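A, B, C and D label the chains in the order they appear, each numbered from 1.
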Amino acid sequence: MTKGRIKDIANILKLGHIEFRTTDLKRAREFYVDLIGLHETARDDDRVYLRCSEDRQHHTFVLRQAETAGLGHIGFRVSSEEDLDRMKARFEELGLPVRWAGNEMLGQGRTLRVRDPLGFTIDYYATIDSVPWLVQHYHLHKGASPTRIDHVNVLTPDAQKGYDWYTQELGFGCAEYTESEPPEPRIWASWLFRKATVHDIAVMTGQGPAAHHVGFSLPEPLAIIRACDMLAGAGYADSLERGPARHGISNALFVYVRDPDGNRFELYTGDYLTGDTSAEPIRWSLNNPVRQTFWGAPPPRRWFEESMAVESFDGATNQPTEPPLLPPVPNYVLD
Amino acid sequence: MTKGRIKDIANILKLGHIEFRTTDLKRAREFYVDLIGLHETARDDDRVYLRCSEDRQHHTFVLRQAETAGLGHIGFRVSSEEDLDRMKARFEELGLPVRWAGNEMLGQGRTLRVRDPLGFTIDYYATIDSVPWLVQHYHLHKGASPTRIDHVNVLTPDAQKGYDWYTQELGFGCAEYTESEPPEPRIWASWLFRKATVHDIAVMTGQGPAAHHVGFSLPEPLAIIRACDMLAGAGYADSLERGPARHGISNALFVYVRDPDGNRFELYTGDYLTGDTSAEPIRWSLNNPVRQTFWGAPPPRRWFEESMAVESFDGATNQPTEPPLLPPVPNYVLD
Amino acid sequence: MTKGRIKDIANILKLGHIEFRTTDLKRAREFYVDLIGLHETARDDDRVYLRCSEDRQHHTFVLRQAETAGLGHIGFRVSSEEDLDRMKARFEELGLPVRWAGNEMLGQGRTLRVRDPLGFTIDYYATIDSVPWLVQHYHLHKGASPTRIDHVNVLTPDAQKGYDWYTQELGFGCAEYTESEPPEPRIWASWLFRKATVHDIAVMTGQGPAAHHVGFSLPEPLAIIRACDMLAGAGYADSLERGPARHGISNALFVYVRDPDGNRFELYTGDYLTGDTSAEPIRWSLNNPVRQTFWGAPPPRRWFEESMAVESFDGATNQPTEPPLLPPVPNYVLD
Amino acid sequence: MTKGRIKDIANILKLGHIEFRTTDLKRAREFYVDLIGLHETARDDDRVYLRCSEDRQHHTFVLRQAETAGLGHIGFRVSSEEDLDRMKARFEELGLPVRWAGNEMLGQGRTLRVRDPLGFTIDYYATIDSVPWLVQHYHLHKGASPTRIDHVNVLTPDAQKGYDWYTQELGFGCAEYTESEPPEPRIWASWLFRKATVHDIAVMTGQGPAAHHVGFSLPEPLAIIRACDMLAGAGYADSLERGPARHGISNALFVYVRDPDGNRFELYTGDYLTGDTSAEPIRWSLNNPVRQTFWGAPPPRRWFEESMAVESFDGATNQPTEPPLLPPVPNYVLD
């Protein structure tokens, strides 16, 4: 017998970390540490554990040596160990694959690993080692100098279902959403938060499960320009996939980058505080281009059509994907 | 019989608004609208109601025509009307002066007005009119272009008592605090939050009750420089009391400004997200100058010694003040 | 008998002003003053005279009511009245149409008007009224807030010939140039200066004579982002034709904008000091895309294919144009 | 028999380089390279040769191991070798100590070394090795990332005489000047240029000959803030002597820093283009505080009272100094 939905029995605090798969751990480490400016906390045989300047936890972004590129798993922090126990019971009740993850992640406490209904592997944990805060170690900041991991953006065939899972079961707030056209509007994408920003996770319509990108928060808008300059100076101009431009949704100034493995991340700044759950979410129509681009060059097709594979729950392969229920590309990109 | 402390019976969302008293409403309006870049929502005979670009509520900063300058009152938003009813009972139980405030504030819903144990008049309300969001109306942004009201900073003779009230009774988190020197360390100041930033209110040791300043959040660091340029261009260079510099506490880049009435506000940017209540607050020693000034010119004495009078609960006069229990000025300012 | 080439008998100081033709003077004035942030010095029946914050001269950008949009004329400042007399003799010797322009331009002194060998109408003058310097009137700065007119960029069928005219006859320095491919490299474009920046004029290969754009210098890089925000906020997102991005040539961070008439200007910042005439010009190959775009989205075809008509010397019509001798579009744009 | 004044027989292009004396070459190198972001071109037993990102010449700033800190010498570039020969004759005619400097400076061509009438050792040279331009090597930029050496600021007992020397003999333009009070106004300080910025050298009243500071140009205003952050992060907050603030003169946003030897430099950005020699210089009254500080904290006394010793012409000792003819500190600093 359950005590209720996750939102009533546990308190998810925020996106905790993201694990990217890389086929060349050394190259990936150099890219993210030397150019992007993430800080290395630790490494072991398979992984490099990174964090941003504002993070006080052991890792918020992890690189793992693997056969192929893509997304490993997503981690969320919760309030307490007891939350984890209650969540395990609830996930079992829902028939989801769930287990206590071993000690494989350095610095991370007891971890509940589940395959969520969208097909993603999710880690939940309450404790993680504290590490020195680097906000005021400005002489160690370099590159784009991200302040924190901000969000992950995922693709799923039925984004309405994804929205329902996150809001009704897990208790996420919705800052903004995109709806398909009448006569039968459905949620095409939603920006969902636990921490008081626009999102910890965005769930978009697409062939999935797949990951679209991870977003790092930059300290101020000029850091976007500096990141472009520095990446171009280092020979990565072609890795700047989209932007700089400003989103209508979230109001963020952004640039999307493909790392040397082809994994995608967003350098992101200028969204707004949320957390007032009584605020009405902002609604956007799918075919309104301002939604995607408040100003700036239109997104290239590959930004819509390419995504990152997601590791299967047993880690042995990639999750099989299914086609989207709604068109995955707005009509303004089609011609 | 009570249902418990406020923190157990109500949910304070965030600092809602601040009311400043001005002896020349027209001049004050021109200063804050034309130079600082606040947006006017409404005005009536006595008041001008202002908001920042990110605010979706009717007002977050109010100017009121009065005989003398100073602080009128402080407003906090709570989650629900029921919160207000429960809070009223609790305040009555504690013997605090409390009443339903009339309809005097345009746009503001049912309002519980209380004189808190520190001697400040506080408005609590759950509803306030929604107004258009101006974040993306960039062509209307001007001056320093604040994004939101960030915090109020107050002086009280016993800051330890203020800390206890806000954390133990009202449920505020503490991001950072300053402690007096051993052998008997006491809290000399604390930065206390409900929204997920460093503070909604800071409570500092001083002759009080008095208000030190109101803080407006700016969108990015260059806006601090632009604000200085623009104020100096308009003839207000002498009104820049302190800064630009960076605080150790909060990590904010800041400049303090005295408005034409002598009321003080801070233009503030670059603090960090809080909200993870399991994070340890950052402790600072009173006589560590980095606390005040991570870098920049030392604060002038008047920044420590001058403050704003606080209106009495009946609005007829100013609250009488009492001297601080601890020294109100760190030793590094004394020589 | 001549005293020699212009470069030996006169001292051209810098680009003085540009005149744009507009079909709606009121609308154009509102656009450039209210949104872009140019400052109005004067107006008469046909023209609005504008300047930038750093300009101490009566006008550097002029809007003129006309039947069609396009470029009126280009003005350069020279050192002395005597320069003008010597230049007139030289232009006559070269058989160029030349005359003393009447008092039609407010504030502008004695003006020598010539149709240059490329087919453009050029004003040369030594004196122009001084006006208050607005650099430190920061409270009057708004919009993109250009600091000065930086350059004009023109199209001509034979850019090698244009280069020769400007360097060998007029004495311009060359900061950078683009060369067509071997086996017979010719100059495809050149960036030519009298003032100590990358250019006062760029001469590019294209159907011409025509004007590609006018460049305004912005005070710092974030002003580019603010200009995009403000233009998008005011409904002009679609007028942002290209950028923000950074040029390889000139190193400038830029955005190109089409005004309500379709005339094109560039907001431009981040080039470098020149003036050391012993420095070797930087050579770029035509088909090297870094030349155009150090980073950023590729230029749209219309950026290459659309230009502004140029008024005939008698002002009665537009100059007839001729096709370019070299391909006007690099091969990386063709597919 | 002379051929005339320097201004008629030679063309000084710009400030070429500055040599600072340091008592700990290794420490000084680490400070300027790792924190300030200068780029090392070469080093020999006694010197480290540095340049900024925009410099194409072998060195613009040199550190030399010495017994005491202070200024070694000042270098200016001229147009041609023939200029040097004519200058030598003129200096000899004027009775100034002058000689061909040996090959002691790596990368620097034939060098004319003179002790100027103000008591400073000045190098003039026409050639210096070209080195790769680092403007677009953004991945190598770090720290404050200066774009170029901008100016040197010196103290001399009779600043009117210094002004006369630089303008009437050497042909410098004057962008701005400070005059002492009536009834007998004399030039108290002047900002003098050859390159088209506000100054290559400023000559101020003071005990001298002495050097006040060297100015490095930063690429944009936020770099000033980043430099403060980074210096404070590295433990050098107390080395920030004055600023960030904006000068009235030059309009520059600045911060003054004392290096580990106590030598002073300025990080400087936001001045304006000059080069139009017909423009009237801007006049400031000595006791107008806006001159020094358009906005910002007032300068500390030590900023006025401390300076850098200047090496004697034979390099064996420091130049003896004499007291100023006019008061060296404005009256607004005296109380």
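Just so it is clear, a contact is a pair of C-beta atoms (placed from the backbone, for glycine too) under 8 Å apart; a residue touches a chain by one contact, two chains touch by 3 or more.
It should be emphasised that the depicted structure is a prediction, and the values quoted were computed from it without experimental measurement.
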Centroid-based (C-alpha) most distant chain relative to chain B: C
Result of counting contacting C-beta pairs for A-D and C-D, higher pair: C-D
Length of the line joining the C-alpha centres of chain A and chain D, rounded to whole Å: 50
Distance between the centres, which are taken as Cα means, of chain D and chain B, whole angstrom: 45
Intercentroid distance (Cα basis), chain D paired with chain C, Å: 34
Of all residues in chain A, the ones touching two or more other chains: 136, 220-222, 229, 231-232, 294
Residue numbers on chain D that touch chain B, as the complex places them: 221-222, 225, 228-229, 231-232, 237, 240, 242, 244-246, 253, 290, 293-297
Residues of chain C defined as touching chain D within the complex: 13-14, 54, 56, 77, 79, 130, 135-136, 147-148, 195-197, 219-222, 248, 251, 270, 272-273, 275-276, 278-280, 294
Chain B to chain C touching residues, read off their complex: 35, 136-142, 220, 222, 226, 229-234
